[in-house]
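Okay, here's the structure, questions in a sec.
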Amino acid sequence: MPPSRRLPDLEQLLGRIDRRLIYLGLFLITLAPLVGKWSLPLYVSRPPQLLYQAIEALPPDKLVVIASNWDAGSQAETRPQLIALVRHLIRRNLSFAIICTAYPTSPQLAQSAVEEAIRLESAPDRWPYGTRWVNLGFKLPDDPWLRSFSSSITGAVKVDVHNTPLAEIPVLRGVKRFGPEGQVSMLIDITGSATIDKWYEFLGPTKVKIGLACTAVMAPEQYPFLDSGQLSGLLTGMKGAAEYEQLLHAPGFAMPAMAGQSFAHLYIILLILIGNVAVLAARTRGRRR
Amino acid sequence: MSSPFTFEGAVLWLGALATLAMYSVLYRENPVYRIAEHVFLGLATGYGLYVIWRDVLFPIWYKPLFREHHWPWILALVAGGMYYTIYSRRFAWMSRLVMTTMMGLVAGLAFRKFYGQFVPQIGASFKPLVVLVKGPAGLDWPGTLFASLSNVLFLVCLISVLTYFFFTVEQRSPLVRRTAHTGRWLMMIAFGAMFGATVMARLSLFIGRLDFLFREWIPLIR
Amino acid sequence: MGVVLLGTGLLFLLLGLGAYLWGPHQFRDPKYWSAFLAGRATVGLFSVLILGAILHARQGGPVYVRRIAGLTAIDETVGRATEMGRPITFSLGLSQQLDIIALQALAVCLHVVRLAIRFGTRVIVTMRNATVYAVADEAISEAYTAAGRPESFNRADVRFLSDRQFAYASAAMGTIIREKAASNYMFGEFFAEALILAEAGNQVGAIQVAGTPSTTQVPFFIASCDYTIIGEEFYGATAYLTREPTLCGSLMGQDRCKLVILGCVLIGILVATAAALTGHAGSVAWVKGFAGLFTGAK
Amino acid sequence: MLTFPILVFAALSVALVALALLHQAPTRVKRALTMATTFLAGLFYVVEFFVPPDPATSDAVVFGRNLTEMAATVGQVTQVVAGFTFLLGIYNLVFVHGYVIRRRREGWPNSVAFFISFLAMVVFSFWRDWKTWFGGANPPAWVRDPLPEHAARPHDVYTLLFDGLYRNLESTMFSILAFYIVSAAYRAFRVRTGEAGVLMVVAIILMLGQVPLGMALTNWIPASGQFAFFRVETLSQFILTAVNGPVQRAIGFGIGLGMLAMALRIWLSLERGTYFGQEE
């Protein structure tokens, strides 16, 4: 009887780890940083830096419009982006309005995310709904509506998400147009869907600054727009959100989530190496015989 | 943790239970997963029917026919009905007639698809093997070398992978054989890259679920 | 071959002449014809090359077809399923409508089914689109009739699962695991769910063969399947399996087209290189014009 | 207005009579007809494609007929006819699961669950929108919640089914890929052959290049300078653009040609016997 029958040899041990153990490992290693709020240092790349600088340079008396076009399917990437951006706006003391054009469920998700951002900045009394920010709800973005929205916000939207007429909402008083001559200084599209092209088309001519935060899959196509200056900055998925949190020195969900990503990636690499050690072990044993 | 007896709470709890039931398949295929799978299938089929009616049959068939009275649309019903003869031996030829007509349409569309998708890539492949990159002080040598080598690599990849896909040429000549072999290796590099680049997106999905389970449902993550 | 080329050429000439003489005034505008030449001529040329090769093969011209690794395994997989007394599962992919990819997947599927009928082994075929289901049901039931065993055809073995991507994935995974598939085939168009199906097959220890033109999913098939058929091999599969002259000739035509592409690219690259080195304005313009033949009008 | 039902009835009768007449025709005729319809159907798109477009509108016009506009209609007809086949798919599901329940096959309660959830979804989705399609009374609030403050999440049964169950089932199934990608990597990336080795090494480089912890490994290499290329994120970007790009393009050429060739064979019915017609 070969010795391997008595002792579970290296090859057996390392080469055939039960998949359930592997799954459990992945589960724990991704969850732990989220629960423990561990974060790792990040290297902030240029596109988030650009977005940060663009927001830093905005005039204080104008409004920022956030197009929140994500739903539960991409919330791990887009929700932290929204929270980080809103936190930055609060720190810069900039009022903002939320509009959703992709999913009917987005306004509610955006509402809870903004409320969390306000809580994280411990500013519930400084940022009451209506006087500093407003949620304009979901609108179907067909071309006529987009055209009207880009020329007059209050003309295209009549009531906010709670059905309050816009005239009764202080933050929108006098707000009409986008661009340097108008009252809106920037549009930031936070999206899990192909919404940005329409903004280029309809808001591009108004010369308003456009920022984009999108899922990782969509980002590569957007680099040309960053180069051409059509985009003032870009956040790429969860990584972009984490980089932004780093820029703000305000760790939220994304930094621990990126730590989870890092650990999980290393975990996979470790598993691959273990598997190969098993192969080597089998090979050397084969040679000995 | 919110109460399951409000509407919002009910949505949350249903979602959480559905999530856990689906994940249970990671341990092994089990009765709970089986129920979840069939519920999912039922809901998806119902939803599919709803979407087909809402997005296709109502706006482009029912409305023109019964509201705007474009009577020829009734013939679409006949054509659609002909599919249903697959269950009858005698009338099955009708289903074949409509199927082969559909196949003909599909085939006809392929020409434009090839034209739109692949032909432009031929023209886009005309990259010079030498790219002279100008720096502030004359020629930027490292830049030139890098850009040129990238384009050479491009050509090598294109030729060798295309050679791998030659089916009716016997690979007798060692040159052809080696080129095809290189093509296979280069493909493996590309596939490895695609695999590695996808991991992050998939993990993001899982982190999204963790966010749902442990922030919205059980508030572990604050 | 010559006749076809000549005939097609003549047809186009006549069409062009007719259009010029009796067509609307735009036909007399040279821009019209440059728009036509941009790209369409390439598609036309490729079609003629392929048709010519098919005719050559149909008239008995010799065609060699190289080995396609995964396809040699089909006999083995069917045999294994028979020995183990377990079924074969076959996914026709996630095409959202009846399309060329689904039809090719069905052609491979029918080959497996015909073999399985001879061995008396069950094949469970699943798909995502109802039109594909209708065609598959009809074709498979006819395969049974043609083999003289119409009574063995079980309608419940051709299954439309769902038109929703992940509902399909979940149901297909359940099917593969519960039926304890001895072999699992995945042919057709696949998206992210590819790995779910492949891992399910892996869990029950099925021999897995996958073939797809969806290049992004090939890495995951390579990781989880025993055999993976890549890219154009997917379309070459039926030719390799059946050795039908039409199909083999078609493969030969495709190879000729690839030669043309290679030739064009090489010429383009050489002139582009010369242009880059010398900065000669004429060659720069020539490369642009040559590339314009392929990228030109919409 | 009366003309409409008459026209519909006439069109239906003509179509059915034509089918009945054809049914009497011998197999040879039917087969010829099949080939002819395939060819004509394909010919439409082929002509629409090969006719040089009007430079002004980029529409293909033949003898005063705008084929590009007609193609849009043909596309709609195809969509509608394909839409009708969906019921065929549902028939198949009902057949399979009904069979399991009738015979009390193993796992029949699952099939019952299928029927219940299917019917619930159909009833509540159609009931909810019935008025927008066919008019009639407003559905009750638990079928369609009219309150504007619930616009984001209406408190009705459809939302409960869709947001509560369907959406979560779907995203969970999608996210299972995270687990499977790990187990597939562990199992498959073993250096048994050179090819597997290449696959593994490149995948590892790319994985490192995606996350901060991986980038930290090569962070000591200066970001600008001759060796910047070997920083893991630069290297992985290079592999993606300089190798993956052209390889995918070359694979794409083959796939495109395969598709074109197959389309030609189907259009001209050169591939007889592949799908139907083996029995004769």
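In order of appearance the chains are A, B, C and D, and numbering begins at 1 in each one.
The working rule: contacts are C-beta pairs under 8 Å (C-beta built on N, C-alpha and C of every residue); 3 or more make two chains touch, one makes a residue touch a chain.
For clarity, every value in this text was computed on a predicted model and none was experimentally measured.
Chemist: Which chain has its C-alpha centroid farthest away from the centroid of chain B?
Modeler: Looking at centroid distances, A is the chain farthest away.
Chemist: Please work out the Cα centroid separation of chain C and chain D, and write it as a whole number of Å.
Modeler: Chain centres of chain C and chain D, defined by C-alpha means, are spaced 16 Å apart.
Chemist: As a quick test, compute the distance in whole Å between the mean CA positions of chain B and chain D.
Modeler: A distance of 8 Å separates the two centres.
Chemist: Between chain A and chain D, tell me the centre distance in angstrom, where each centre is the average of that chain's C-alpha atoms.
Modeler: Using C-alpha averages as centres, the distance is 28 Å.
Chemist: Would you please write down the residue numbers of chain B that are in contact with two or more other chains?
Modeler: 22, 25-26, 34, 37, 40-41, 43-45, 47-48, 83, 86, 96, 102-103, 106-107, 110-111, 114-115, 121-122, 125, 155, 158, 162, 165, 187, 191-192, 194-195, 198-200, 203, 205-206, 208, 212
Chemist: If I count partner chains per residue in chain D, which residues reach a count of at least 2?
Modeler: 49-50, 82, 85-90, 93, 107, 153, 163, 167-171, 173-174, 176-179, 181, 183, 185, 187, 189, 199-200, 203-204, 207, 210-211, 248, 251-254, 257, 259-260, 262-264, 266, 276
Chemist: In chain C, what residues contact two or more other chains?
Modeler: In chain C, residues 40, 43, 46-47, 98, 100, 103, 131, 134-135, 137-138, 161, 163-164, 166-167, 170, 178, 215, 219-220, 222-223, 230-232, 236, 251, 254, 258, 261 touch at least two other chains, as defined above.
Chemist: Which of line, ring, star, complete or other matches the graph of chains that touch?
Modeler: Chain contacts: none of line, ring, star or complete; other.
Chemist: With touch defined as at the top, which chains are paired up in contact here?
Modeler: Between chains, contact exists in these pairs: A-B, A-D, B-C, B-D, C-D.
Chemist: Which of the residues in chain C end up touching chain B in this complex?
Modeler: Residues of chain C touching chain B: 39-40, 42-43, 46-47, 63-66, 68, 98-100, 103, 131, 134-135, 137-138, 141, 161-164, 166-167, 170-171, 173-174, 177-178, 215-216, 218-220, 222-223, 230-233, 236, 239-240, 248, 251-252, 254-255, 258, 261-262, 264-265, 268-269, 271-273, 275-277, 287, 290-295.
Chemist: Within their complex, state which residues of chain D touch chain C.
Modeler: 49-50, 52-56, 58, 61, 64, 82, 85-90, 92-93, 95-96, 99, 107, 169-170, 173-174, 176-177, 180-181, 183-185, 187-189, 199, 203, 248, 251-255, 257-266, 268, 270-271, 274-276, 278-279
Chemist: Could you pull out which chain B residues touch chain C in their complex?
Modeler: Its residues touching chain C are 22, 25, 29, 33-34, 37, 40-41, 43-45, 47-48, 83, 86, 92, 95-96, 99, 102-103, 106-107, 110-111, 114-115, 119-132, 155, 158-159, 162, 165-171, 187, 191-192, 194-195, 198.
Chemist: Applying the document's contact rule, which stretches of chain D touch chain A when the two form their complex?
Modeler: It is residues 148-149, 151-153, 163, 167-168, 170-171, 174, 178-179, 181-183, 185-187, 189-192, 200, 203-204, 207-208, 210-216, 219 of chain D that touch chain A.
Chemist: Could you pull out which chain C residues touch chain D in their complex?
Modeler: It is residues 19, 24, 26-27, 29, 31-33, 35-36, 40, 43-44, 46-47, 50-51, 54, 97-98, 100-101, 103-104, 106-107, 110, 129-131, 133-135, 137-139, 142-143, 145-146, 155-156, 158-161, 163-164, 166-167, 169-170, 178, 192-193, 195-196, 198-199, 202, 213, 215, 219-220, 222-224, 230-232, 234-236, 238, 246-247, 250-251, 253-254, 257-258, 261, 297-298 of chain C that touch chain D.
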